[in-house]
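Report on one structure; see the data block that follows.
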């Protein structure tokens, strides 16, 4: 009896932990909310995404319908707040609609690659041995191509088109994510708590599900978010080269391309899609940085 | 005097060995500069359509069999390497294209040249300066075909170990220009051939430098920053800025058109002449001008109005919405019974001008007369495949028209190949499967009329039928704009795909 | 309801005389890769032919220098590392067809040294403790977890929903103990379980461990390099050197007389605690040799004062002392037949 | 003769995310050539004390009060060149984790020579021979070869010897050793302790040896200062502390050492854990854990009682006879 | 060290094999007929078939691969469909030009990146750090192809200071290290340098920052080292990792310059590649990608070896 109380007391008098009990993600959220720059970027991105999603309901002009008379109007022209493009289509509408495709092919490949790469990496990292060798050596081969080159090579081979761009960019981003996932997973696998979990007699799948995924996903996720900006720029770059999205779809990279000659008529106009790409990728980068530091629990 | 630096639209220096690639631009800059053909185009005048003139052949005639042609060759013509041009060399040149057993056969030149001379059956050197060519069937368009064929030096080829790759680095022709240096994909430097047989056409410049600059804005920037003196095909939107910078824009009509090639398969709405005419009347071609910076000639027919073969068609291709609507109603369409058509277009392509906005413009225009156009947009190279495949091929997915731009410089490329019953795709380039006895007879007439004057008359009649039957949706002609520095003097832009650079000089 | 209610260890099978666990010829070599083709070039002989048994309710202490294979032995016992050879018999059943790994793990649990690293940082304390019970399909794992937390002195109301980084080292080690007990094991392997704790906290945890052992009738294998601690908690002590057992004996016996020269050195290396009688001379020179290429014969011969020619070639066997058969040592000095010049004499006291 | 070390009323406070009152009003002095063990649990401020002595704390986040004199020099006012000369020259330090405290990309010889060159202003060759000599003195076998080894090529014990060689290369008057043996095996630990003891005699320097193991303190030092929560709880000769520890905390530590404790007997554990030092203590910091706590202990800071010369105990009940258990 | 080198080289072989397979397959997944682009538009089906046979495109895939790889090891990468010139010559010429550009960009980017990174790492959490971080994030966020266009408009078209395109007055073959040529390098190299400046600065910042918090830095101060000495140690510690990052960046610069080369009409591998793509010139596409990828593999190898050579911690056996 007394013994129990001794230990009880012992615990009771130990220093009170810093904060009231809260989950890991709540903590991350709380830290994020306290970071104004990250929140600003998050806000800007949300705005872009929401505007893109709800574009048809925003009362915008038809992004495909042009007018030869109203070509290349400067931003601020009556009726065209951001001017018109080389076919007299409303720039505001095209930029907002353009967000749809641009963000889609800029973010989707990373999302896909995140799932595929994480799965491959976690399996390789946890199972090890021959499985690891096969997966990782294959990844190595893809790593032998600089990412831009690989994207352009695959897109160039497949030809222009949204699906082709998605495929090529996803292929580009799977290897780095797999590699990080594998590294993180084998790191986590070597930790004692995995041993402790295995020692309970849990199956490999249970251990992965309960103990591995939760601990590897956030570093992989943070890494993946750092790729989004690269992917955005790359996706727009493909369109810019003419091997991405096809006209007349509004897409920022493509708009940048088609508006290139307008630079002599109205430099501001042709700068707009570039500015959009820049702002978005800047926000993605800053958000990723913010997320990284928010997830980095140092105690 | 001076050096002229030219920014070309091609992505590479055209093939230098003789028969060039890179389309019209290749012939323009690497063909008729370094080489000559037996028969050439007269490029000296800007005001009238260019006609054929003697080149390496001084005169030619066809025999009574209407198959054997005899060519007198120009004496004392030497290649840049000093070897003489003879009938034997001419035969050797035909062999390099047509005889894949010949030692000098060059698949690359052959790929470019063989299809240009479908009429040629055999050829023979009678003596040093006499050449005979036999055709497979009577064909009065042979001179136009021969204008394609460029003569390279046999002696040079032998000196280069009979290796066309080596020839490519230091080729030899009889033309007014010599290729001095050549960096693939970057530049080619041409210097005058002071020994040229036509003193009129000995270049005044010290040097002409050709640079491939496929990207229009890179070309514009290069010209405006002073890295080149001349660019081909400036983007319309850059033209005001260039003019503002004191640069000169040169343009002229030439045999090029921008049309919708219509399907004439069973079930195509375009089989109804009223629909075809209505569509042609529904387009306000003048209204397209601002889009192209004014650099276009509104179409009045298949050939440019200035063409010697234009004729006097009865059907006036203009903008008349009321007439168009009436025709549509006559055909049974109206606001409540709209016509749906499917059209193949490509977002880019050589000579395509600004395909997307122009097609959208047409789409809007046609919707006024109750034609709803649905586009099938394909990439340019695929477009070429679909064009070759023809309207009946599954790959065109039921499209009833294809937006194409045509090189229409001679009777064959200008008229025959598009509508000849024997050339129905995929065997030839009659995409729409058009076949009409009357038209076929006219084509026959062109081939069998050996007198140039009379032949022109047949050609005019043929074109009149093109227009009167509204066989295409005629839209516009390009005017081959080029921008140059004001210091470039003496250039006369001929109404042709090719140009003469000999008269140019650079003012210091 | 007392904490004992929820403690229902697997049934005893072999009776009190049957050792709870016995290990025979346990062996584990880790490959060392290298060379141009990355082939196995050498092997770390981490555990090489270790045999011992632990009676029910007994505590066996394992001591030895760093790298001698203590942790590897522990992990082999619970199947975290796959053994290369040898046999593990738990309460009469050998690990294999008759006894699955999962069943073995139900009976044997482990507490690791690094209290932080052994807890999943993204899991609440309660979930960590309950996990094993859940895996083993025991009913109401959360309730078990809370009871056990209470038993190890952590108020569930305050701690259940906390994360590991919100706890002190001593508290985390209590969590680890609770987690090990959640599956009602009969044998708990404690691998340096108190080494990282401060002295004052260490004493608290040791008290807790003694209590739990009494209360639940546990058997411990207690690994430590602190001889004082091992002596305090153990009934018998096993001394390892470079992957081998050099001596195993009841604690009093070994405290009185360290038979193996290595054991003697190890004991002499303890700080003296007497300011007037400080250690004069280091009992051993140099660091322990590399287990990649362990010395031949008796592995200790390179550092042994009594080594002779036989020691270099002949591997000594573990044998009981003349005075006390329960005190076994692997040294030629005690084996009259070994051929050592002083065979059978032992080392001078 | 001036004192080797004279710390007066030293307080160190860290600001930042959390405020930590790491050292609270510590006074400590040492005579030339003395060895002092600083004993205490984790977080009691031992390392901070040593770092303050060398001016190694991050200046922006640290507030230091009080004074430190080494050989009469006011350490806290040292700056620039003078500070560099003092560090490593007058006072040098051996760290707990030699694997981390040595630069991994330079050879150990280079690292020793670097220090010698800076303080003695000698050429590289001379510095290298000094380094070699030092490696010999710390009994590193085939020192000549080891001179050109990188830290990761050495074993833990060997690395710690290198650290010691490095610290002593410039003949400091005072050597600070921060738990130099904690990371080592018992058999290696005793070697290092004896080595240090020997070198201390040979070089005649003062040594402050930080440890939380009383046994180690006994082996190495003449005097012991027990720290608790950033304060000195008790100070005296090693003999006095071991035989006659007056502070309840000292007594607890001694009991927890398990030396000569009967097997299976209940341990006299100090309950609870040390306080978080977020506020400056205004009463006895040990009171919450103290078995002999009085009402007064919770009211005010305990007085420093000096039962003998150079012997002090910070406890109200220091003069009471020790309770028999 | 030698055996380390050998082992690394051996490890490269399977990767190189994989690279070749991918390069080969890459063009097989391409839809459409590669010969389309070079035949006159009205060439007949028969002429096309003849051409296809001439290029060996009518054979089964494995045969094509075997032939291709067989020729490859003899240094023959086939002939460009579009130009008929040997691919090897084209690619090597272009890669040289790209290398020139990439190296120039590296020469601009690396010192600036290192300097900024060190500055930020040393003054971590100060306004200097924040400034550098902002700068480097901007660097990695800007679409450089767009920046290139903007720079051309400003510096070539409007100000007329620098040329907008090309590799000098005489083309790349007449390259010389004089102002007339080097001014052609400035705009593309600067444009290309923006991203690696950001990346190198971020890497070095993180490295320097991390190293500065390591124990041995305290130990260095404790033995009386000055700030400069400590920085020297930090630099030496950061060197291996920083070098490897920079080596990889050089590889990326080479492989990733395609967009910039198109904007500036720089006759490099990227320009070649984009031509190859638009002309569907498969042998050229294959060859260019293969050479670039192999170059990148070699770069990785060199980086690894150099890293092993300068970092004593890496196992060299």
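Here the chain labels run A, B, C, D and E in written order, and each chain numbers its own residues starting at 1.
In this text, a contact is a pair of C-beta atoms (placed from the backbone, for glycine too) under 8 Å apart; a residue touches a chain by one contact, two chains touch by 3 or more.
Quick caveat, the model's predicted, so the values are computed rather than measured.
More C-beta pairs in contact connect the chains of B-E than those of the other pair, out of D-E and B-E.
Averaging Cα atoms per chain gives one point for each, and the point farthest from that of chain C is the centre of B.
The geometric centre of chain B is 93 Å away from that of chain D, both derived from CA atoms. Chain C and chain E, compared by their mean Cα positions, are separated by 55 Å. Mean C-alpha positions place chain A and chain C at a centre distance of 48 Å. Between chain C and chain D, the centres computed from C-alpha atoms are 32 Å apart.
Shown for chain D are the residues that touch two or more other chains, namely 266, 269, 271, 273, 289.
Chain E has residues 31-32, 149, 153, 157, 262, 278 in contact with two or more other chains. In chain B, the residues that touch at least two other chains are 217, 382.
Those residues of chain B whose C-beta lies close enough to touch chain E in the complex are 11-12, 15, 21, 100, 107-108, 111-112, 114-116, 164-165, 168, 183-187, 211, 213-215, 217-218, 221-222, 224-227, 381-382, 384-385, 387-388, 417, 426-429. Contact residues on chain B toward chain A in their complex (touch as defined above): 216-217, 220, 235-238, 240-242, 287-288, 290-291, 347-348, 356-357, 360-361, 377, 379, 382. Listed in rising order, the residues of chain C touching chain D in the complex are 65-66, 168, 170, 198-204, 206-207, 210, 225-229, 231-234, 251, 265-266, 268-276, 278-279, 281-288.
If you check the complex, the residues on chain E that touch chain B are 31-33, 36-45, 47, 50-51, 54, 82-86, 90, 93-94, 149, 152-153, 156-157, 160, 162-167, 170-173, 262-265, 267, 271-272, 275, 278-280. Residues 14-16, 18-19, 21-23, 26-27, 29-32, 137-138, 140-143, 145-147, 149-150, 153, 157, 251-252, 254-256, 258-259, 262, 273-274, 276-278, 285, 289, 292-294, 296-297, 300 of chain E are the ones touching chain A in the complex.
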